[in-house]
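Letters A, B and C mark the chains in the order given here, with residues in each chain numbered from 1 onward.
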Amino acid sequence: MNKPTASPPTKIPSRDIKTIVNAGLARRHAAERRFRWYGLIAITLGLTFVVLMFANIIGKGYPAFWQTYIQVPVTFDAAVIDPQGNRDPQAIETADYAALVRAGMRQLFPNVQGRLELRALYGLVSSDAAHELQDRVLQNPALIGASQEVWLLASASVDTLVKGNIDRALDESERPIKDNQLEWVDKLQAAGKIEKQFNTILFTSGDSREPEQAGIRGALMGSFFTLLVTFLLSFPIGVATAVYLEEFAPKNRWTDLIEVNINNLAAVPSIVFGLLGLAVFINFFGLPRSAPLVGGLVLSLMTLPVIIIAGRAALTSVPPSIREAALGMGASKLQMVGHHVLPLAMPGMLTGSIIGMARALGESAPLLMIGMVAFIVDVPKGFMDPSTVLPVQIYLWSDLPERAFVERTSAAIMVLLAFMILMNGLAILLRKRFERRW
Amino acid sequence: MAISQDAHTVKQFDIQLANLRNLVLEMGGLAEDQIKRAIAALDEENMAAAREVIARDRLINGLQLKADEDCVSIIALRQPVGGDLRLIISLANTVTDLERIGDGAKKIARMAIQIYDGVSSPPSAKLLRDVTPMAELATDMLHDSLDALARLDVEKALTIIHNDDDLDQEFQSALRRLITYMMEDSRTIGHAINVVFIVKALERIGDHCKNIAEHIVYLVEGKNIQRRRNIDITMDGPVQAVLEK
Amino acid sequence: MSTTAIETKVALDQALDLNTAPRKQSSVEVTDYDNRQTVGKITVDNPKMTCRGVNVYYGEKHAIKNVGLDIGANEVIAFIGPSGCGKSTFLRCLNRMNDTIPICRVTGQLRLDHDDIYDKSIDVVQLRARVGMVFQKPNPFPKSIYENVAYGPRIHGMVNTKAELDDLVRESLERAGLIKEVEKRMDEPGTSLSGGQQQRLCIARAIAVNPEVILMDEPCSALDPIATAKIEELIDELRENYTIIIVTHSMQQAARVSQRTAYFHLGDLIEVGETDQIFTNPKHKLTEDYITGRFG
């Protein structure tokens, strides 16, 4: 470049790209660093909230998995249980077991006198203790006449006290547990006759007004039946709809309209579906209130658009080359869909369905409308039994004032979350396992 | 279908083809010049000029080498088809013909040196009478064929092919006359044979010009008239007989 | 000598029609069919497929304009032309793959042997069994190699027993020149093969149903030169038993594998002829410009 170059006047002051780039480099890197920090802060914030939520729920709910029991010496008095002495099962079943519990309590504290004092003493154990004894005798009639140390379920207030949730400094009138009861509990604790055991009742019994007897089994079964109905209805219908719309339907104004409507349905507030269910299934078809069948129908309506949209997305993601390959071989349209497209789209469809089902599992609003919010003690045994579902159970418990129900609310939330995580995990697993590369 | 004159999408290809064509035309110009110089050297009895013609033949050979290399590289790199392919093939064949024409000029110069070697007496003018018109005819043919190549002029090429017959007839009559001289006076035989070589060289130059014209017809029309004619001739001839054995 | 010269001149004159007629501006052979002109001979002596006056419309777009062409039995014919010239569209008419596009409309006459392939009595399933197709991108089913080849015979009910199917699969793979490479791995997914092997698997899959015609839509465009060479060799071998129509962007490929070549331009069939002639001496300027690389 020795030639004298008569450089024409240009607007660019310098052609030296190196200096130009270097000049702006620091600014560019700073912008990049800044952006990275924004991202980190956002994620940290988000994670903090998640951790806070979990800590709060687990902290509150964890004690609910443990329940206080009192060791009581029980004499299975034949005179009380079987006054006739003929071992009549009916008589044994209807015997006054509460008397046995009371006798046992008196035996623990023989000095207690007076009606009020005694009632306070009996109040240490749950009213369920009598049922516990009844169960034992019915299972093993040989117990009649024998004496035994039995761990009996403590009342909710004792349980709360033992878990350290009652402020002893408070005035007696403001505490659920009185001074004398406090004294007895302390004595029992000193004697090692009070113990915390794993709370099986939470998982084995239905709802109850007494916190120590309340469990989520009813709600779990209700959720199970409801979701079963939802899945059995929405999955086949959803998949069939998606396949028809994506593969077979002609593309015209009507299918466009249907498509728009399905997309809109997915965005309809869930309570509207509840109202629809109330109007159609209960008032028009006369199905029973609070039944999992109705709940399932309503949730199906809500889940269907999700499954259809996910299904169509899964179908579109199957590469057209596979369709062409099948058609080019002379496969009919149904063979093409059945042999190639659907198997390839199935993981995606299942994933979408599971996520839709998980959403349905967490749904409460529409179910409130169809009466699944009732207080139901019995564990449902079928699709027509009145029942409630987990989220509604949580909603019900969260309304109750007793401290023990606060624990149980959180415990139920933990169970619900566990199921959610399980279902989402299953969806991820399915996707990872069956996702094909082509 | 005439050959397309539009530019290629790849500009470099056009440049290579143009270069090759210019190279061939340059070679043609050189060959034409060589013939003229050789004939002039003969006319003017200028031995130095004749020797220069012989030396300058190397230039033509050098150009031939260069043109051949270019053809090979274009074929290898561009994979020419259609008109491009015909152009390359025609030019490659033309190059060979031009080289032979150059050889012809060299031969004429060499004969001139032999005739005017300073030992024997110079030949009588009548012996050389036929050389000049034949040389004119041959140089015209070469000039026209190069012109036709430059302009891709088929009509002109066909005229050249016809003109070759005239040159052939000239050659025949020149040969007859020279034989007559030799029979009349045996002392002329030495010179006459040299002159026979010269007119033969000119006749060959005409044949090569005709070949070039045929290449032009092939290039433009895609018809190989040369091959067709050869087949027609050999089918009944001795070659066919050999093939059948 | 002079007699030879005269003979020469006569032969030469005859060759160039010099004396018999004034020289024409171009010696192009023109086939006028339904008011449109395709340069070259569209007919063949033993046609496998005959197309006359074929028009294809994509909605308003006139994609194929009144194309007439014969496809000879056991020949390889190449369709060449710039992108969007309609060569793939025309190819897809031949096994009605265009049916899958709702806005696509085909008129004219297309015959396979003597059957009108757009006739109502011809089922598209039957047609596609007779006219197989190999696509641009190798598209084996995401199933095992065996299942890929066995799919066609299975859906058409061509075999009765597992042993017959096994034989057919082996034979097809053998004819596709793939058997040595996959013999030991028949149960591995077809997608685990290399690109070239996948494409040969697709060819094996196509020939497993023993079609009469095989359509190939740029079968080598995604392959490296060695895999391409193998496919081209395969095409040459398959010519014995099948009629092959190949669409290609590579003119060298068209020149290497085909006996006849058809040049499409903007939906017109511009020129058709022996491949040899198309690549040394095309008659139409558009063909010449395309094959010599003069397209702007």
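One rule holds for everything that comes next: a residue touches a chain if its C-beta (ideal position, glycine included) is under 8 Å from a C-beta of that chain, and two chains touch if they have at least 3 such contacts.
Quick caveat: nothing in here was measured; it's all calculated off a predicted structure.
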(Q) Between B-C and A-C, which chain pair is linked by the larger number of C-beta contacts? (A) B-C
Q: Please indicate the chain closest to the centre of the assembly, with centres calculated from CA atoms only.
A: C
Q) So how far apart, in whole Å, are chain A and chain B when each is placed at the average of its C-alpha atoms? A) 101
Q. Roughly how far is chain B from chain C, going centre to centre by Cα mean, in whole Å?
A. 46
Q: Quick one: report the Å distance separating chain A from chain C, using the average Cα coordinate of each chain.
A: 62
Q.
List the residues on chain C that touch chain A in their complex, please.
A. 95, 97, 100, 102, 125-129, 132-135, 137, 139-142, 151-152, 155-156, 191, 202, 205-206, 209
**Q.** Contacting residues of chain C [partner chain B, same complex]
**A.** 1-2, 4-5, 7-9, 11-12, 15-16, 18, 26-28, 251-252, 255, 279-285, 287-289, 291-296
(Q) Could you list, by residue number, the parts of chain B that touch chain C in their complex? (A) 1-4, 6-10, 13, 79-86, 158, 161-162, 165, 168-169, 172, 217, 221-223, 225, 228-229, 232-233
Q | Residue ranges of chain A in contact with chain C within the complex | A | 250-251, 319, 321-332, 335, 339-340, 344, 436-438
